[in-house]
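Remarks on the structure that follows.
When the chains are written out, they are named A, B, C and D in that same order, and each has its own residue count from 1.
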């Protein structure tokens, strides 16, 4: 494959960013919007070309049937040492091709959708510039040829996420949310960075291909090296995973994601649902062969994922803000993917079930991107219509917004895992992998799946069924065409995506294989999902006192769930009370008063001394000669004493 | 003498001084300042090109354009000049900042005297960077220090008398130690009976400083330069000094003068006394490591923009010294990159702060807010500066910090695995933490100052940047982005000539 | 007696000629042409200086010892005399305005005659190789000064200063001669070289006391702490021209003479007896001088304390005890003459014009009299040792000279001296601050200083700017020092 | 009884100390001058004694004394002249009142 197309995939969004953002050309909203869409559309076409060529052109398949990892181009960017070189390149392999499709699709749809959603907003052009910047960074991230390139784009997506969350910069909450998102992920990135440093010290390379193809050999020098009881490799992998946890909002670094919903809704759909937040999953998938070497690392991935999935599902059941519900559902779903990666190995350096978990994780990433973007965009349409994020301001909307309602319903069904919608297939694979790893994990994840179905339909019913509030004289209506097209398109994809033979495209060793549905697991998961949906229907279809009763029955649980288990408060406490008031302030005081005080006191002492000895110069000539003769005698006397 | 290109780095400012003295109105003064600083930029670019050309032709000398003219023959004092990649990078940096600084002080009161002092300061700076003779180096170093006093005292604001005095005296204190260290080095610069010399290249070649003396002279010189590099606990001149200084002076001081410290530490202390550097670096590693985190923490609670930035400089310059002490090629390359990067972005910061202050007449972030709505251009620049400072890829800070961290980590791990203790490793990780703290204070300022609703309704009438302010900031931003986007060019520039130097440092051990 | 011996005393003879001509002019010229006396003196002095300088350039000032070894001259001695001459010329130029004033009409001639006599005394001091000649030179150099200090008849301070000066000076010479009597008692001779040989290895209490008294006696003139207490009062009280003369010429000559005495008389007991004394004195001098200078508001008093601490730095050249130190000391004296006279030139000009001498009166001076403040600032920077002004070089060289010794003690000493430069920088900057930074409602009005004052200041500025940057001056000095007979004592 | 140098040196030293004491304690400036004269004379005595007893073969000490006496005379004359000046200015010759300039 020539380097032109891949290069353009990266170059066009960057160019659009520069054109729309920095070039400072004041253009009309319409022009800016369409330029953005045009740019993204071109990128979309190019990305599809590249990805489909990769999947279907025999030149990328080895004789064994294995798909080849190709580096299209790789340009040295910064050479630290002979071996440790940051290159900017383009790595084409099954997962990066997959991500190219996902990112460009969602990004393009969001560009299109925003034409309607953001119409008339102040800073329209800036918005498109940031979207382009984000697309550029995200594309750069997924095609990274080395871990440091990934880190570079990792930071860039963080920054563009910061800019987009804080898009409404006059709002305090948006500013705070963007700051929080950046700092929390920054903290996680610190772990990532140190992980990279450790790993690269031993492997003497940043290159993914070197790291993953001959992991055993490249990392041979870590053998036997331990640090505080755990092997160095585990430390490195866990630290790298920390970075992933931050970006993918795993517990306990998840707190930024719900707040990030302060950004415009299409942004949430793009960044905080479909693409950026799965970067963590992508990272682990990218490093998967290395993770295979270390059982404890995969174990941690699985456990963190499982805990987060459950936690987020619980919280999602009690939230009022529809975007928050979706945010927690995103956390929960990403945790599914993490679990899936974590359970892909059997702990002996081998994978079980042909690396089913790996494939399932990627599959779920794909389907989730589609249906979650759909849900967010649907939510955006709702918010656009009623000008509020609270479900209390909604209700009975199915009458006014039929298209939105149906597409939203498809999204809900997909995420709940009801066949034949896409979510069912991918989630089913994850559950199979979990059961294969350990039955407990399987049951646990099935429960989470049920909860997912429950809270999604709770949301659905509350929005579209429940009593309708007084909408006044401007009744809500379906969104305009640019917003409608993405909804319909994504709904269609969510209906059919499950039937893609995913195992043919993405597997851990890039060898294609066929997916089999495990009927027992499929049946049981569908059954619990339907039960959960029924429960939700019972509780929330029409106004009834049951939810209130349940809330009163378990006030503590409800409180904790509603307040997201007080994680934010804990963080507030740590950052404000401990670090800010407990470290920074005392340090600043110490600096001003002790360090600077010491320096000042040198001056003060000098001054004081000069005052103290002032009487020596008394103006009395007799005093002068007295000092004189005493001085002379002392001078001689002391010398005599020292001599003798 | 005048066939050597380097000498013009001093001649041009001197000519500027002469012309400025003749100037009658502000237009002429501006013209002289702009043309002169453009000339300096051109000169440094020409030097760079010639340098690269010579390197490409395979010249392997540690320094190029080396020349030496006898000055005080009995004491072997020469006016010796020569540059390697590091000096050229610094010259480039200085000329750019002088250029930007001239625009930043476009409307200063009493422009003639101001520019006279400013250019005198730059004489010192340029002279320092081209010298390879310790005496002339020290002389130029002090030439650069004193104009600060008047620049802050006369054109400054706030508690300027105190700040100016404190800054001058503390820096002089540093140079007191330095002078002693340099004379000490001189007396051991040649083996017994040999010709003593102030020339750094010859001192390195002779490598004759006895071990015992090294461990005495190294701290002297390191502390001497370290004071200017704002090393903990000798950094306290920096916040007050910067807070009181006028815009261009803050720019030049934080951007260039503080680099004199790092450069000197490397060029004199470590270059000539590698053994002591190896043995005693732990003391200074601890101090500079503390600087890095400490400065960042202090910046988190300050509410005065200049104080925040000054503490951030403490942190970033601490990183420079920290990396130098790692005695690892990568880390040292990073240190030089960090000097460049910090020089540019902190100059940008101070320029912006000066511009904002010039309009709002306050630097308290608690009394401002929503600047993005009022002066979008300046605010965007501020965000860019902030992003550079917190290490966003594509801007200079990231490149420098990553190079430092990678290099330090390599050094630390090697030490640790070789059983030399985990100090370097631990402090590397501590230093890494600064990227988070930096993000905290930068975003805090950005959030409070630029975003949010407008705090003071009177500010709504303020205007955005004028053309000269735009020019000043754009210049700096372009440079920041250039380093951030094409780091390998700078990396090679620095690295190429680094090798023999590093070899001499590490070869000793 | 071989009268051709007098020919060795070229500079003394030239000076005597100047003195006689001035005396004759003063006595015999009609009253109306008396006004020309200052210029006349300046011209003569200039000629004498030029003659001395040329004789050095032509290489005729060779080493010679006359009068049975009591008097000695060599290129380096001739050089220090030339340096003193240059200083005197500047002082004289600066004093033209003051001496030409109405009040001075009766005493103009006396002033110049006394000044020339003290200069002659200083010549004798630096050339003496026998203590009798030395004492005569010392007294010659200090007694007439008392009369000069008392010159301002109408100012009470002038009298007070004079009485303080004469009393302490006589006291000091008594102590000094007491020390000499001890030396004589110990060695039986007052010839330098004989004493040198006799005290070698003969450390005793008496010798130590003798050395201490001798140091005290000469230290009095140098105003080393604790023998310095007269300095500030006298500087403040004396007429400004006299103060400037006192602060540079007298100090410079004594410093050189002191080095000669310490090296050629007590050199053999350098490390045993007086090295540590000098350490103590230097530290005390620099520190105490600085500490007092911080608080001064009167400019003349301020410069008095500054000159005390400068004397401490000059003494580093003595303690260095090597040719580098000697050269550095001479260079320091030369630079110090220019810097200090620059400062005194400004002070004198302002005092003559407005009568103000307080630092507070200098506020806002840069606005009204930019050139004067510029000169003052250069002088202050030079005194503080800021490059590229000459003071930086002199300080650097004197430290370089001192550190050649390479003992730990000398490093500590130099470190203390260096740290003291911070304090000194502080108070020099106070002056700069007053002129450039502080605002005042009624600053000194703009005035045009006299032509002579301006010439004096320009000479000083030229010296401050070029003495350091132009290397031949120092190169010549170091060559002279290295080949001098004093250098041979260092090596023993 | 043989006359030793020490028999003369001790009185001379006592004289010096007396002069010193007087100089430091007397308030009248004329008295101070007299004390100074005592000190100078003690020095002169010292020279003469050393010359006479230790180095009888030469005259250096004696000569020195002659010059010293002359110098002392000059000093006294000058000092008295200045004291007269002071008296004219302040009608007072108490040394302790002369402290206009201090610190």
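One rule holds in what follows: a contact is a pair of C-beta atoms (placed from the backbone, for glycine too) under 8 Å apart; a residue touches a chain by one contact, two chains touch by 3 or more.
Please read these numbers as outputs of a predicted model, since none were measured by experiment.
*Asks:* Return the chain pair with more inter-chain C-beta contacts, choosing between A-B and A-C.
*Replies:* Between the chain pairs A-B and A-C, A-B carries more contacts.
*Asks:* Once you find the CA centre of subunit A and the CA centre of subunit B, what distance in Å lies between them?
*Replies:* Using C-alpha averages as centres, the distance is 37 Å.
*Asks:* Where the CA atoms of subunit A average out and where those of subunit C average out, how many Å apart are those spots?
*Replies:* 77
*Asks:* Between subunit B and subunit C, what is the gap in Å from one C-alpha centre to the other?
*Replies:* Computed value for the inter-centroid distance: 42 Å.
*Asks:* With chain centres defined as C-alpha means, what is the inter-centre distance between subunit B and subunit D in Å?
*Replies:* That pair's centroid distance is 65 Å.
*Asks:* Which subunit B residues touch at least two other chains?
*Replies:* Residue numbers touching two or more other chains: 169.
*Asks:* Specify, in ascending order, the residues of subunit D that touch 2 or more different other chains.
*Replies:* Within subunit D, the residues that touch at least two other chains are 23, 32, 95, 98, 100-103.
*Asks:* What positions in subunit C touch 2 or more of the other chains?
*Replies:* Residues 163-164, 167, 171, 175, 232-233, 295, 426.
*Asks:* What is the complete set of touching chain pairs?
*Replies:* By the stated definition, chains touch in these pairs: A-B, A-C, A-D, B-C, C-D.
*Asks:* What residues of subunit C sit close enough to touch subunit A in their complex?
*Replies:* 163-164, 167-168, 171-172, 175, 203, 205, 208-209, 211-213, 215-216, 220, 225-227, 229-230, 232-233, 272-274, 276-277, 280-281, 288, 291-292, 294-295, 423, 426
*Asks:* Considering the complex alone, what residue numbers of subunit A touch subunit C?
*Replies:* 603, 606-607, 609-611, 613-614, 616-617, 619, 621, 623-625, 627-633, 635-636, 638-640, 642-644
*Asks:* In the complex of these two chains, what residues of subunit C are touching subunit B?
*Replies:* Those residues of subunit C that touch subunit B are 324, 327, 381, 386-388, 392, 396-397, 399-400, 403-404, 406, 411, 414-415, 418-419, 421-422, 425-426, 429, 432-433, 436-437, 471, 474-475, 478-479, 482.
*Asks:* Give every residue of subunit C touching subunit D within the complex, in rising order.
*Replies:* These residues of subunit C touch subunit D: 131-132, 135-136, 139, 143, 146-147, 150, 153, 156-157, 159-164, 166-167, 169-171, 173-175, 177-178, 180-182, 184-185, 188-190, 232-233, 236-237, 295, 301.
*Asks:* Per the contact definition, I'd like the list of subunit D residues that touch subunit A in the complex.
*Replies:* Listed in rising order, the residues of subunit D that touch subunit A are 20, 23-25, 32, 95-96, 98-103.
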